[in-house]
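Got some structures for you, see below.
The same subunit A turns up in both complexes below, where it pairs with subunit B and then with subunit C.
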Partner chain A sequence: MLNNYRTAFLRKSNETIQLFRLSSNTLEKSSSNGIKIDIPKYINRSSTDILKAISSTIQRDPTAAHFKYHDDPYLIPVSNFQKRAYALSQESGRKAAHWILNQHPELFNHKVAFPPIEKFCPNVVYDESSDLDENELKIIIEKAIVSDAIAVYNLLKKKDIEISSDTQQSLLELVCFYNNQDDLEEDWIEERWYTQANKNREEHRNTWKSNGFAMTLFSTIKSPNSYHYSIIIQGMAKYNQFEEAYNLYKEAKEKGFILSINAYNSAIKTAIYVKEGADHKWLHIQEILTQMNDSGVPMNLSTLNSILNVLTTMTSNSESKKYALKTIAEAKQFDIEPCLASYYYLLQIFCSDRKNKSTILVDILNLIEEKSLSIKDLADTNFFTAAMENCRYHLQNLDVALRVHSILLKANNYNLIGDSYRESVYYRHFFAILCQNESVEFLMKYYYDLVPHIYIPEPSITELIVKTLNVAAAVELYPKIWSDILMFDQADREPIIIELINGMAQNLFPSFEQSVKEKLGLLSGTIYDAIEERKETGKIKMPWTGTMLGNLINICLFGDNINKATEIIVKLHKNQNEIIGIPDSLTIATFLDYCIEKNYFNELLVSKIFRK
Partner chain B sequence: MNPTLSIKCIPYINSSKRNGIRGVYCLTQRFKSDDDNSSKKNQLAIDKLNNLLKTMKKGNDVEMPPHESKPIELAKPRQLARKSEQNKQNIDDSKQNKPLGEKLSDAATEVAQSIGGDTNKTKSDLLNLLRIYNNEPNDSSEKKVKSSVQLDDLLSGMKIDRSQSKKSVEFSAVDRAQRIRELLGHSSGDHQRTKKYRKPMDNYMPINLFSSEPLGIFKNFDTKKDFPTLPTWDRLHEKSLQTAVTHPPKNIYEQMIIWTEQGKLWKFPINNEQGMDDENNVFFAEHVFLEPLIDEWCPKKGPIRHFMELVCVGLSKNPFLSVEEKKDHLNWFRQYFYEKNQLLSEVGAFEIKSLPENVKEYYKPTIPDE
Partner chain C sequence: MMFLDTLPRFLPARSNYLILSRCKHVQAARYKRSIKGNKPLTYEMAGPPHTIAHIKGWNSWNTCNMLDGLRPAETAIDDEFIRRFMTGTWHDLIASEIIIKRQHDIIRIAAITVQKISVTKVYFLIGYTEELLSYWLQCPIKLELQTVEDRTAVVFKYI
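Take a look at the complex of A and B:
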């Protein structure tokens, strides 16, 4: 015992001596050099910080497909359909594995890791036989599994196990938040990325389950307090059951309860359906705000967004813009900074008027340009798509569009794009603006960067791009755009084909180099073949027109592709009934001149049949 | 006639009136940039020309009341705004009641004068050009050939516009299409040029979003804090926000971040004892010095002692067992020897007096029936 103490003491004293030596050393050194060593404070890093740092050094490779796809030429998707199918199939494979794990947990008895990884464990099944208590329920609520929570609650009730009011309240919060149904598991990232498009359509539909578990639970509470009222009002408003929510709000008011901030926000939102006419809506908002003030409840960001959201439904009223700015000023008094969702609503409020255009987007961009953006409201993800749409239709200004794009690419802002649907809408608008700008080089810079791995143009945008190429006579890009059209499976879109053929025929300059000419001639043959093939399979229903074939002949002759030109001439002759109109006589004359000049007598004879 | 070149411009004319103007402007710009000494004067002239074309296009050759032509002039590019106002005054004062055609010819004279050089020639070219525009049918979707002819003329008009530069003679000899192509192909400064006539946001009115009067509903900002807050709801809301910005990972590191957050990966920095929270509170000596545990029952010497000491050494070096497990392990032997008491006393070796307490089921050796 004594020995122990002695060694401990010796060790201690040794350490102090060493420490002293060290410190005296540094002291001497620092005084001699005059440099003070400033040891930085220890920074607490989270477990993912180092990964984030490494990840931030990796830049996107525009020639590579997204990371989620297999890096194999046969498995790289080239159309929107393939992108979606490949990503979702991969995930559905994972889902199948999960299903087997949950269906046959007995097959997976080995321990894969220590400490055990909860994610790899099969789901727990709760039934009569399981040994349950309130703690179990708390854990399930913590994990936010709605169906299990409801099952366990019912089992506990059956066994007459008392549940504390706190747990009951959390359970009510959980079922109200998720509207009595399980949320999509967080594992299914792809599914969320591709399916949210459908959710948007439900935006204003009442999806609240009026006889769901939440209502049952609420009705079993004998004397609901302000917490219970707040929860149920928030839940109803979240799933657009506005009338009921407003009724409950009035009921709670009569009882003199002070509700949660979000319950007041929900009550403000009910104005969208409960009240009609701008004046009534605004009165409704003012009334609730006054009640908040009387109860000593402050505003928060979501209050601001709720008000702005209501204002978007009354943009026909000229006062709405003024109200919006006033609301922002009021929020400013609480030091509330508007978030992207607020700006999204502002855009809707200010830019609803097509005649009297507002440039508020520029002011918004001035505000957010320097800031690092993060998500604060679920509607934040609407902003970038709306901003780009605003640039295209409202401002029609490329500079602003480029600014929006540069902000989107900054830091982690790209996460705020929302989902695959919103992303492609965003790029649709972006490319439309780029096409309106006349410089092809500028357009192609973005085209090479973004197509096809980030964005695949919709047929309407492809048509715009082809038009832009035509206008700028960017002949060298025709082979590229045609191969892309084939790749995106848009060769059966009639407007694109017509636009492309006409454009090519208009851009034949004798001064081209021979190689370019030949390429064009070949390309025209390829286009002809591709269209013929698609007509046979019935993909293209449009009949040939004389002008189109004439244009093709012109291009073929231009590129010395006499075989194809003759083939088309024969086609013109044979299928006169199917072909609408006739080609320009100039085309035929060119063909004959060409044949004579180059001594193609057989071809000349073929065309002679045609001439009689 | 040079049909190929003119056909190139057809899309401009065909697509829309606006585009038509843009196209011509674009071409003029391209021709212009050939001249190294592109002076500001020329720039002005071209802008003016553009304007004239615009006005011409909007008003037919029918006489137009002056108040209707005013908004058209407003659409002029900005840099000209001041000058055009002056001009307008002049025009308004003196020539208010003249027909549009006459006004245009006057304007053309002015342009020609401002450009300098052969004034008469420039003027006639300009007017010629305007005439072509005026003759162009409004419905230009048909008759490609016709419009192409006009455009050809138009381009010849352009050529004369350039004729002020001394190189013009050489230029006319060169194939024109070739030059256009060159311009198209090697237009590094294309972006810059486009900027000039991109539609300016002349109506930009800065709005300070925070400058407005507040609503004035909220009076006290040091609000009391006893309003209800919903912890579970807020937590779920926060979670839903996070999932809204979690997208398919872009590289392996992002994938690893997601796995780490789901608890599927070792957390950085790597720690061998991660997740072994029970062991954190155990001092290492308890793992290593196990002899005290056998002291109370084991004989002081002899083969059993020797054997048990070896067990202790083995256990002290085992990193895979927790302290509890090591103790259980030792107790198993204690129990085992206890059961063999009879045999032990028969050989006179030793007698174990007591059984350990709280031995776990697993470690209890099966007691053989006697």
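Take a look at the complex of A and C:
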């Protein structure tokens, strides 16, 4: 009975609570009646947007190596050489597997994945026996496999299968874009990252295959129209066959064709080689621009970049700056916003003169600081390296350098750094500027953040860093920098060692704590040992000098490392003919005083021999 | 052992003898004591199967054998293939069991290797294994290796 009552009571109380809740809700609603609720429009998200959002909450961990390396102490690279070797080794392993796949395609015909993933299947080989038609060719062109496309085209020709002019044109586009050869596949990321630098060094070298398939295909077209001309001119200009490109351009002009905008841009670029002297080049540009105007083709971003690119080759002419500004102003009328490549060219044009400093970089930074940058031109990747170089040599200004760096780290801008070579050049300049700055803490802040996982200093930069430590008397950092020097395999670089030893010897102040003193004493011992070891194996060819050994003795004595000091004294005595010069007499006097003071008689006797 | 200790409480004393006699003959995944007591066991080897999920984990992590799980048989075969491929490719280098973890379409293969060959060779093998296995199993494969200086580092006890 009682239980029944209880449930009824509970039910009742629940009802009252619910009622109370309802009434309170209605109260709130009535109070917010005046405000109109704006439901935002539905935003279409891609399937990876959530992942991107999550990843944006994570920052780089400065203590971790790049994720392409295995996270294990034994497998983490510590020098530039290792970084390159490990990354490329892994890729070479992948290539070996790829080779096996293509060598034995019959073993990999099973279908496990659904839908099938083409990347995991062996490449298709086209030969006489394969059943081909134009559609097949179209698909291959779509996939941008140049060698296959050429092979299939030839097979189709042999079988006398008619190919439509559209397909022919897209094939021509493909071979012109890739210069008749297969490009390095996108899968081989590391190879691309490490070889792109070599490609850039080939800049302005004619690499166009003059008797390649593209030319044959072009000549088989009976009556080439303006498209065909445009394509072939672009291809030639891309691979620096400027003369031929210009000739074809003139030929097309005579036939009265209106070319595509990019063909005109390529024709502008030909001025670099076809014309000599600033005036001729500018006339050439103007001529093409008027022709564009006559044909009613409006300029675009790459027109602007092509013109600026030509202007960079005539910077000795004082007019070039004026022309550049004119071009930019002209582009503005067409609502064309300069991209990083344009700024890169501008930097080259305005800062080629070391006497007249130009602060154009600051203006550029003002413009791009707020924008989100994306790649619009191949030369975009040159900008950050050039900007940092400009900060180092031209402006010699740390603040501007820091601004450049902060822009680089913003959003996805780091993608614009280019490749491994450009990245290391960028940081080389960055650290050089940081070293010119007086504060060591500031330098070390960046040092701890970037070294060794992002950047490993080149010997010249290590030397600069050591110099900075010396100037600032940052004694506590010597052990750290020495262990880094050992790790980067730079202990055999003579200038660094000399700089380090001299700097340490100059910064011995009696006011240091005993623990610091002892550390320095031990450190000088290890430095001595490391150099001796490298001298034995022939890595260091430089002979000891009296002053260097004297400095080491001084540091050893300073840190109460009497054993090492005596060892060096003995060395001085025994190898007199190999050591250049003699240590300061003050060093010897200090040593003797020290021995007498601390009652080291054996050591005293050793040095006595020396004095005879 | 805990299982055996608690058994008599639930079972009438009469059947006690029978169960224990069966338990005595179980020998799968249990290692025999050597005469000199110097047979090295890793942590994974030291625990008999009933300790899985108590003191040690599974060697294969997947959901194939759950209700409505996909391809249970194929997965078992694939796992065996992966294990044999790994021990063969990393010849005399693997110092632990090979753990295979499946998540969505990714297979992660974890193992402990010995630092016997140069680092560049390790990286070559990593690239080769990942790529070739992904051609074979047609899904992304990731290797998660850890290295130890020598095999004694993974020895848990000697029996």
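In this text, the second predicted complex is superposed on the first by the 572 of 612 C-alpha atoms of A that agree within 3 Å, B and C clash if a C-alpha of one lies under 4 Å from a C-alpha of the other, contacts with A are read in each partner's own complex, and residues count from 1 in each chain.
One rule holds for everything that comes next: contacts are C-beta pairs under 8 Å (C-beta built on N, C-alpha and C of every residue); 3 or more make two chains touch, one makes a residue touch a chain.
Source: prediction; values computed, not measured.
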For the overlay on subunit A, clash or fit between subunit B and subunit C? fit
Name the contact category of A:Asp72: first (subunit B only), second (subunit C only), both, or neither. second
Quick one: is A:Arg192 in contact with subunit B, with subunit C, with both, or with neither? Answer first, second, both or neither. first
Under the stated touch criterion, name the partner, subunit B or subunit C, that contacts more residues in subunit A. B
Quick one: is A:Lys539 in contact with subunit B, with subunit C, with both, or with neither? Answer first, second, both or neither. neither
Considering only the touch criterion stated at the top, classify A:Ile117 as touching first (subunit B), second (subunit C), both, or neither. both
Considering only touches as defined above, state whether A:Ser439 meets subunit B (first), subunit C (second), both or neither. first
Check whether A:Lys598 is in contact with subunit B, with subunit C, with both or with neither, and answer first, second, both or neither. neither
Quick one: is A:Lys371 in contact with subunit B, with subunit C, with both, or with neither? Answer first, second, both or neither. neither
I want to verify one number: the closest Cα approach of subunit B to subunit C after the superposition, in Å. 7
Check: subunit A residues flagged as touching subunit B and also subunit C 87, 117, 120
In the complex formed with subunit B, which residues of subunit A make contact? 47-52, 54-55, 58, 60, 66-68, 87, 114-115, 117-120, 141, 144, 169-170, 173-174, 176-178, 183, 186-187, 189-190, 192-193, 226-227, 230-231, 234, 258-262, 286, 289-290, 292-293, 295-299, 322, 325-330, 332-334, 338, 346, 357-360, 362-364, 367, 375-378, 380-381, 395-400, 415-418, 437-442, 467, 470-474, 476, 503, 506-512
Contact footprint of subunit A on subunit B as seen in their complex: 4-5, 7-8, 10-12, 15, 19, 22-23, 26, 175, 177-178, 180-181, 184-185, 187, 190-191, 193-194, 198-199, 201, 203-221, 223-224, 226-233, 236-237, 239-258, 260-264, 267-269, 274-276
Touch list for subunit C against partner subunit A, complex: 105, 115, 119-132, 134-139, 143, 145-147
Footprint of subunit C on subunit A - complex, ascending: 70, 72-75, 77, 82, 85-87, 89-98, 100-101, 108, 111-113, 116-117, 120
